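To keep things simple, chains are lettered A, B and C as they appear, and every chain counts its residues starting from 1.
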Amino acid sequence: MPTTTWNRHHILSLADFTTTEYDTVLQTAASFQEVLSRRTKKVPTLQGQVVANLFFEPSTRTRSSFEIAAKRLSADTLNFAAATSSMTKGETILDTAKTYLAMGTDIMVVRHREAGVPNAIAAEMDRLGVKVSVLNAGDGQHEHPSQALLDLFTICTLIDPASPRLDLLKGKKIAIVGDILHSRVARSNIWSLIASDAEVHLAAPPTLLPKLFAEFLLESGVRSQEFIISSSPSFPTPHSPNQQLFLHWQLEPALQNADFVMTLRLQKERMTAHLLPSLREYHQLFGITRTKLQLCKPNVKVLHPGPVNRGVEISSELMDDPEFSLIQSQVTSGVAVRMALLYLLGSGKA
Amino acid sequence: MPTTTWNRHHILSLADFTTTEYDTVLQTAASFQEVLSRRTKKVPTLQGQVVANLFFEPSTRTRSSFEIAAKRLSADTLNFAAATSSMTKGETILDTAKTYLAMGTDIMVVRHREAGVPNAIAAEMDRLGVKVSVLNAGDGQHEHPSQALLDLFTICTLIDPASPRLDLLKGKKIAIVGDILHSRVARSNIWSLIASDAEVHLAAPPTLLPKLFAEFLLESGVRSQEFIISSSPSFPTPHSPNQQLFLHWQLEPALQNADFVMTLRLQKERMTAHLLPSLREYHQLFGITRTKLQLCKPNVKVLHPGPVNRGVEISSELMDDPEFSLIQSQVTSGVAVRMALLYLLGSGKA
Amino acid sequence: MPTTTWNRHHILSLADFTTTEYDTVLQTAASFQEVLSRRTKKVPTLQGQVVANLFFEPSTRTRSSFEIAAKRLSADTLNFAAATSSMTKGETILDTAKTYLAMGTDIMVVRHREAGVPNAIAAEMDRLGVKVSVLNAGDGQHEHPSQALLDLFTICTLIDPASPRLDLLKGKKIAIVGDILHSRVARSNIWSLIASDAEVHLAAPPTLLPKLFAEFLLESGVRSQEFIISSSPSFPTPHSPNQQLFLHWQLEPALQNADFVMTLRLQKERMTAHLLPSLREYHQLFGITRTKLQLCKPNVKVLHPGPVNRGVEISSELMDDPEFSLIQSQVTSGVAVRMALLYLLGSGKA
């Protein structure tokens, strides 16, 4: 492992991540990626420590990814799933967290359908003066930092496998396509990408763009124009003059010369909420296909956080095309990045 | 670990626990509490042994506590949850237990909503002449020995951290408040507390006292009097003249000068069964608050087996007050005590 | 472990298993049976490898058996259960498998209610050129190879504990009784038993025999005759002139002088599908009892894959009779055989 100074005690959001922190995560994950290619894929780093997966919202794939990451580090894991838990018995979320604290948990990986729950747990742990770390594994429509970090790692290692770092993305055009409004993945990705000085383009139907953007677009009466948004109360904003965030309610200008296309999962419930005409029409307008990719740079790559609705966000053919799709690499990167995060949070413990 | 002779093969009830057995559990748990404060919290004691959690009634917190205890001892764990099991396929409970036996289970931790299930499994294992141990993790309204032992450990280590032992409770006044009638926790606690020669006071509305007691109280036409019960067919009874069990259907006489107040979880279903007027009225009459604690000794401590219905059995404010609440300590003690029980049952194996 | 050449990369079906392969599994399982009798029951063989149990159809007992087998080999395990998974989110089965592949899974143990799913996953893994092995843990009405291999191991070690091998069954009369039509266990058992040159007798009501057989029987207008079937498009067929498969729609000719009686689990749903008059009548006609066993060889043994419907496929009394019942041995053999299969698939990895 690289020797490094890491001072962050919880990982809740990427909003205030520094370049050094991004680079530390990327380099640490690269070391673990190397461990994972060995015959014996385990390291004793977190032996005797307990990682509790507190998944108030069910998610097999993210939970499995954290679980295997923890086991590769020789930690013991505990799985809490809301469905079968005493939550139904009237206990509050903080009480549940404190129970796992009292049982000797060192790191809590928290997912909840409400934004802010991991922050609330972390605040309570700090108030109690205990050393437990909290890692946000997705909270409502707020953030999903480990997903954005694995996306970042996937892209950066593609550009420079030996030395993934944030500045590799400088000037790259990256499109984020889909349900921006409801996506915690998009929120976390925007923070890391604007920190890298990439050129970030968001494309979505107006009903799936954050409200302020959508109102602005609708009032303007325009249909296909390009916007540079410099500030929005409900959304990440660039912090330097170099950083630019573009919004589109048509797909094409976002794809034009893009280096990477990040697609987002579409919750089918959106349709019943009248935010979408039909999945078929959505696919026609915003679904990514090999044909549409011809607008991008020739070696463009496509990402998706999974699970994919084949034929909706992305064509089935494209999803399975190793020339364009990074989806499998993302899952593999996920284990290495989560090992890195658990390592950075856990190695100062006890 | 203290060298000790431990002859009990199953832990099903505290009814016939000896002073020596209580003290052995307390001292062994104290050793493990020390292990848990080390950097590496694992010991190889049960390496290669299998602990199966057979939870026919779901319980995330108790199951997690046993699971982490087993993992700290380096045992392998198997989790059986009734919901997803073949129980729906027509197999009997004993068949399920025998299946886990045949797979090589060394210790079965059993929870079931019916009283007597752990005893029935233990009897079957003995009949088969196998070495498997059964540990009752809560059976109906019968007993919950590991909970009572962790309560005992929590109290005793508070009085003498270096040497917790049963005789520390001699003459202490301990109130048990709440749904005595339906509580397996209360039943197990009464056994251990009367064995310690503490003065045990039970307080509950008449509808939540064991039937014989309630009938007696109602027939007497009294409302606030104090009773010394010397014998009851359905309930633990003192075995020596020193041991006293008091019953109250008002809270105040139980709290008067109490050293410890053990509150019990209230099942909200009780209200729909017309055993309670309302949760609010229950809280007013039997809920523990800082004000009511003024009746007790100044350094009184409050326990609750969890999960707590905040504002019902105990005020939210009091629950979070480290000056009075031992609730978090109980959870931590739970891991140490369960390590001790698994160790005592398991170390003679194979 | 015996040094052996094992070239099979997936275990999906026993249809083309060779005698050498059967004997390798039996001998390897015998070595692990010996390991399981030691004080420390773990071996480091698969340390650092990941075994993922992908159970799209729930099964606590089979999943627990594979899980404990994997843990005895020091592998890390991941459990995927369809109920709580993202399958509901629109991901395909192959996408799920590829996600677990990308997370670093070495062996996938797959159960699904549709026949052919493990084959489809294995084909996809091969197409991708990855080293992951797939083990069929039961697919629809197709096959359940590990169950048939543990049945084989149970029988062979009874005959010669020191050296279980396929040719021990030559000439033994083995009856398979029950719902042949829907049983993947029967299908896999028939492959292994005819490979051993045992004399295999199937007995079932006509509605629970494979369709072609049933039609043939019904058209013949016979009620109790014995048939030698040499070929059937939907069922295993003997490959040598020595191998014989007999079908009966009455129980008695199958039991006559039998050495072993394999009973099959009856799905109670069959009755609602009008395939059975009543469970009581089924038990009267095809249920195995001590009285009916008097038709068999004196030291006949009875098997059942579990979970048993007591009093349906087999009388409760007989099930618990260690003189006749091998049911508990089967469960124990299951762990040893699954250790052997994981070992044979996994030891060539990485």
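The working rule: a contact is a pair of C-beta atoms (placed from the backbone, for glycine too) under 8 Å apart; a residue touches a chain by one contact, two chains touch by 3 or more.
What you are looking at is a predicted structure, and each value in this text was computed from that prediction instead of being measured.
Different-residue interface: subunit B and subunit C share under half of the residue numbers found at their contact.
When subunit A is fitted to subunit B on its Cα atoms, the angle of the rotation, on a 0 to 180 scale and to the nearest 5, is 120 degrees. Inter-chain centre distance (subunit B to subunit C, centres taken as mean C-alpha positions): 43 Å. Of all residues in subunit B, those that touch two or more other chains are 81. Looking at the complex, you find that subunit C touches subunit B at residues 36, 38-42, 58-61, 64-65, 67-68, 71-72, 81, 83, 265, 268, 306-310, 312, 328-332, 334-335. Those residues of subunit B lying in contact with subunit C across their complex are 47-50, 76, 78, 80-81, 84-86, 89-92, 95-96, 98-104, 350.
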